Every structure is written in structure tokens, then in C-alpha cells.
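Every chain is named by a letter (A, B and C) in the order it is written, and numbering of its residues begins at 1.
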């Protein structure tokens, strides 16, 4: 079991330590649930009232909240308790799942595929023709990578994920379970004989930058031509849809169940809230925020926050909601 | 082919039988589609007009609707036809898919994993280090269970499902296809050098109670610390997102495409309608109902029904909608 | 590398060629990104201004836009440039992923399964008891097909997809990654002892017609009894939910994240926009359109377009939205 002294913890987050303890600290927890060998935290004044009754062995607290608590539990004063907690969590990171052998004999690797040094490939994985894994790639069991793909160094792919032909994945990415990268985009044209719909061939691919994380059961479709692009550092949550020919800039965030229709462009640092959806061919410029649940039907200017369905400026939308409430009570 | 006499069926649902039949009944169907060897049902007065023309061999009907039908087809009178039908369906349950061998030689089982008595494990399954399967667990083909997990007795897991490290799954659960349990929660912090986003390590796990059913392609993320908890008897539909540190009480229902953001708490017996989404850190108290499509942005009191986006008391929301309709018509 | 002369391209789309070129054309691209060996296109007057500066080797253009451009780049005049582009894309379709052996020895095929001529089955696939694959079916790696299923001729199934017991899949279908077909519908009844919810057994199946395409991570549940039916030529995008006992007519389109609750009926040619959801037991009649993001709570007449949440006639809804905006501005 991983454990640290209070001094170790304090040093790791550059805290000012008030009080002392001989406890071995083995983890973190909420104020209400923490036990004597766990450290807890107070990052907002609404939690200070829980301090006195907590069983925690120590509490990380924002410096400016210190005057709101009094009691026996040692305090670790920091400018930002939430940030300090994020750092402490990394101290307690459990060991990753183990591989009995680095390259499982129960994986299928096409003879033309090239596997870099120090890769790990679990049972049930499939690696197609001419696919290239850079050094240090980890494929947990039952990952499928089709033909002509490239996977960058140190990228980690969890079970059930499928990467389709011609996809290019950057370095230091993490793809969680059952992700789908590079399936055909969704496009049809009416058959000339009126008999139905004819599939539009998607000859493009998907390009994912470095340091991208993609959540479980999310999808990124390949482009009609050219590439669907997810920029460096983007963080995509679970069950997210990114359609063909979308282009995401650097460090965008898309929360669970959000979706981009075809050919949507996101600038850098765009934040898309949970369950929000964006109309095809629109542009959300850098730094814009789309609030959870919104349905965006047009371009959004840089730095702007939009809300609602149809999405508009968030303050305007809040006024609309208030006006409707008032009207209905009328 | 499974078949029953009319008397058998009547006995099984404790019905009062009116009429008789020598038919072997081999299944159930709607009034319009049923044939002479199928039983049909009438649970609401809007279906009584279909009785006369039906080809069904017998009809289960609510006692209080009997006076609304007249004809030749034998009737099975019960207090609640829908409930009776649910019971009849269990008589006709087809055989589950077969295993040629109980533990497939094409499965990978880590030497330190422990497999209980009478487990079935299909080809392509992966069971990681120190994972423990209780007695009678069924893993259909291509299920992946990573390290240090526990799976309770009689639990059934369908193909493509991935259970990540340290998850604890109860007894008598059913997980459908391509479910993702225990992936990292979605949390980042700004890098101190301003270069982007740094991943927050999620050292917690997922705990699923007994008798929980989780639909295809749904996701339950693991906690930042402590546990994401799904209580006994919860029923989760397809494509549902349950984020890190959510806590669901007993017997909650979440319909398709619904989602809980991080640290949402549901009491007991909460019902979340399809495509509804719930803001992070909110609490939906016991017995509350969130109507389909709603976007909930704050706590919901016990027993209350909320509707709309933003979600409010359902009657208030219906008034708002009516007021807007009236307003737009001038 | 696939390449064509300008004359070849012109002939393929029956264009009127203005200008000439000795270039080998190796692909297609946007006006801004195209290089000298790529053909580009102008299907709307808003793109004509990009013509002069483009590096494209040729441009497909709507005949009626010709007078809006002047320059050196050869033109291919057609009635509809978007349609012509769709046809050109098929010329450049890359080779499909290769199979080292037609039927992988690393696939599991139950002894009672029947495999037609010219099928391809990748490593890690599972084919259950009594399942029948018609001629020319392609299963890419790690596809799972449970017992008693039928798969029609020339159907292609991509990795991670799971088809559950008793499903019947038509000919010429394409299922992308991690699709779930035939899991239990979502239905429960209160236990008589009040202890919780009892599962309703779903004895029905799924029937998918011919020429159906289903996107990554989408789900079609099996019926309580009878069948969930997806008609010929339907095109389903990613992350779509089709619940038990839904019936879709011919050539319906459902965009990403849309969902049908239980027992919804779609006529022929119905279009469901992205993230739209439809209440259980409703009927959307032939040719109706449900706009993106809508929440439909009642039947929709043939040919009608509905919008919003709650969804109503689209023009009426736009008036409601305008009225609210005006109201909020006082």
C-alpha cells in the first residue's frame, strides 16, 4: 500500500503545515468519509463547517479559508486546495494492469506491421497490414487497429477500442474502452433511379494530435476527403460524437454526450458542455464556451459563452428564461 | 418449440378463464399480429376495439375492461394485463446461447485470477491479475475484465463489455454489449506553465450493487478517489453516461441516452427519462422523476417531477410552454 | 496511388470540360487546400470567390455558377457539383483492409454454424451455434455473433460489433465499430413483494433489412415479443439508440446521438436530426422530418417538419422562439 508522511505530502504541494502527525497517509477522501490515515481538503467556504467533525488525519485548505476553521486536525495551507489535491492524487496512483508477456502470443500482428521498442500488446489485439506502432505504445487486451495506421510513442489504448484504416494517432494519447476512431462519415446521396440512398465513399482519414484523451464509447469519424482533425491536448469525455471533417484546435474540451455534426470547426481552448450539440458546418471560435445541453445552430465568436436551445449569448438566454417564467405566472 | 395449454397459461397468471381452447400456445403477440397459437392482451380501453377482428387464440384482459369486448376468443381475466403478460413472457424465454466448453481454451485467464465453480468463460475473454469471479458467473465471448476486479455470483456479462481495474461488481447483475465500467473520470487541471491541461489521476474505483442491469454501450467511470456507486437493483438503459463519483441509491432507473455529470447523487427509486442530463454536484432525492429530455441544473426534492430545459416543476414547465405558445400566436 | 486524367474524371461525371490539363489527378480537396494534382468543387455561390486563388488542378462547378468565376483552372461543368463529387469519391476509394487468410484460425466458429462461400472472418471473431452467414459476408476482426443469427449476403461488419442471439440481418448491410444489435429491451415490472424491479423477459428479436448502414457504437434492442424492425435502406449514424419494438420503414435516416424510445414507429423516408429523441409509442409518418435537438412527444403527420422541445411544427416553433426573444428584450 502506498503511504506518505504528512511532511512528504506537505512538501509535494509546497504547503505551509500547521500541526503535526505521525500517521502514515494512505489516500484521500471527502471530509465526511475520510479516516485518520487519509487527507481531506477544503477548497470552498461551504465545506468549512464539516471540518470540526471530520475524522480526516489532515486537511488541505485554501489559505484564505483558514480563519473559518478551528480544531485539532493538522492543516496544509495552499493557495488552491483543488489544485493541490490533483497533485496529491498522482502520489497515490495505483499500478497499471500488468502484462504477463510484453507481446502476447494471443495477439494477431500482420507480418507487414511494424512494432516499436518497448511496446506492450495484450491478448486478443489485432494489428493490421502496414500499421506502425512507435516505441512504448501500450495496447491493452482486445484492441483492434486496422491497416495503414500510425500510433505515436507512449500512447495507451484500452480494451475494446477500434482504430480504423489510415488513422494517424499522436504521442502520449490515452483512448479508453470501446472508442471508435475512423469509421466512415455519415453521408449519402439520392440514387438517380429514385430507389433510395447511395453511400458517399469517405476516402479521408482521422488525425489525432499529441496528448489527446478520448473517453469510453466515443466516436471520431473519418473525413469524406482530407482529414478529421483533433488537435494536440484535446480532452474528450465518454459517448461523444465527432463527425466527419470536423477540425478541433488545441486543448478543446468536450464533455459527455456532446456531439459535433459534420464539418464543424473548433478553435483553440473551446469548451463544449455535456449533451450539447453543434450544427454542421459551424465554427466555434477560440476560447468560446458552449454550456451543457445547448443546441448550437450558428457560429460562436471567440471567447463568448452560449447557452440554451437554440443557443444564444448566455446572459440573453437567462433573460429569456426569466421572462418566460414571469409570463407563465402572469 | 416451447408450448403451453390455455389452462397452463391461466394458472401461471392466476387468471379467471372464460372460454376454452385445445390450442398449443407457442408465444405472445399484439392483437393485430397474433395468430391462433398466440395469446394477446388488452391492458387499456383503447385496445378493446381490436378484439373482435383479432386472430389471437386467447386474450389476457383487465377484469374491468371485460364488458367492453364481445366475441369468440377465450379471455383470461386478471387485475393487470400488462403485469400478467410480463409473467407469461418468462414462460417463453428462449434458451441462452450455448458454450461448447465451460471455460474456453481461447480465453486468457491470468495465473493469479480466481474462477469460482460453474463459471462459463467464452472465447476471446480476458481476465486480469488477481481478479476474482464468484461461482456461476457467465462471461460471453470477447469480454475483458482487467486486474483486481471482483464479480459477484451469477452475474452475466455479454460480449464486448470492458470492466477496468479495481471494479467491484455485485451478484445477479446483467451487463449487455460493449459496456464500459471503470474508465478514468474526466478531470484535468491547467498546467502551471500554461501549456495546456494536466490529467487528474483517478485513484478510485466503481462499485456496482446486486441485481443491477446495464444496457449496451453505457459507461460508468471510476471515482477520483473513493468510489462511483450504483446501488442494488438499479436498471440502466443503453448509451447512458454515469460520470466519476456519482452515487446512485437503490432501484434507480436511467433511460437511454441519459447522463449524470460528475458527483451527482441519486436517492432511491429515482427515475431519469431518456436523453435527460444532470449537472455535476447536484442531488436528485428519492422518488424524484426527471422527465425525458430534461436538463437539470439544480437539486430536485424527494418525490418531485421535473421537466424541461432548464428543468423545473413539471406543472410549472407545462404552464411556461403553454404561455409561450399563446404569446407566439399573438 | 490511384490516378485519373482530367478526361477520365470529366467522363465519369458526364461533365462539360472547359480547359485542359496533363495532370494525373490523385484525389479531391477543398478549394483552399487542393494542390495541382487534386480536383476541387464549387456547389454554391459562396465559394466562387475562392476560385481565383486556388491551387487546385481542376474545379467541378455547377453550370449556373460558371459566370461567377474567371481564371486559369480547368472547369468541369455539371448540374450538381455536390452529386458529381460524391461520384468522383468512389473513383478514389482506397483498398479495404486485407485478410491474410479468408477464415482466420484465430476465429471461433461453432461446429453447428454455417458459413457461405467467399466469406472472410478475421481473428478474434466468434460465431455462435446455428448461426448462418450467407455468401460473401465479411467480418473484420473481433466481431461477435451469437447463436441462431442470420447474416445476409455481402454484408460487412467492422470490429467490436456484437450481434445477439436470433437477430436477422439483411444483405449488403454495413455495421461499423462497436455496434450492439439485439440486446434485451429495457423493461421491468415492480416486484409483488415491493422489493424492487423484476426484469421483463424479451423473447423477440431484431430484423434488419437490406442495404442498412449502422454507425459506430449505435444500439438496436430486441423486441419484448415479435421483432424490432429496421427497414431496407435505412442509414443510422453513430451513437444512436433504437429501443425494443421500434419499427422503421424504408430509407429512414437517423443522425448522431438521436434516439427512439420503445415501440416508436417511423414511416418511410423519415429523417431524424442529430440528438433528437422520440417518446415511446409515437408514430412519425412517412417523409416527416424531426429537426436536430428536438424532443418529440406525440405523433408527427406525414411530410411535416417538427422542431424544438417540446417539438411542434417548425414554423410555429420559430415564431415561439422569436416571441420569447422579443419578450425578454422588453
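Please note the rule applied: a residue touches a chain if its C-beta (ideal position, glycine included) is under 8 Å from a C-beta of that chain, and two chains touch if they have at least 3 such contacts.
Which chain is which protein? Per UniProt: A, B, C = UDP-3-O-acylglucosamine N-acyltransferase.
This one's a predicted model, so the numbers in the text were calculated from it and none came from an experiment.
Asker: Given that chain A is a copy of chain B, what angle of rotation, in degrees and a multiple of 5, matches their CA positions?
Answerer: 120
Asker: Looking at where chain A touches chain C, is over half of the residue numbers used by both copies, so same, or under half, so different?
Answerer: Result for this pair: different.
Asker: What whole-Å value do you get for the distance between chain A and chain C if each is reduced to the mean of its CA atoms?
Answerer: It comes to 26 Å between the two C-alpha centres.
Asker: Which residues belonging to chain C are in contact with no fewer than two other chains?
Answerer: 124, 142, 160, 178, 217, 239, 257, 275, 309, 324, 327
Asker: Chain C touches which residues of chain A in the complex?
Answerer: 108, 110-111, 124, 126, 128-129, 142, 144, 146-147, 160-162, 164-166, 178, 180, 183-184, 186-189, 196-203, 217-219, 221, 224-226, 239, 241, 243, 257, 259, 261, 275, 277, 279, 295, 309-310, 312, 316, 319-320, 322-324, 327
Asker: In the complex formed with chain C, which residues of chain B make contact?
Answerer: Residue list for chain B touching chain C: 27-30, 33, 82-83, 86, 89-90, 92-94, 96-98, 100, 104, 106, 122-124, 140-142, 158-160, 174, 176-178, 211, 213, 215-217, 232-233, 235, 237-239, 250-251, 253, 255-257, 274-275, 292-293, 308-309, 321, 324-325, 327-329.
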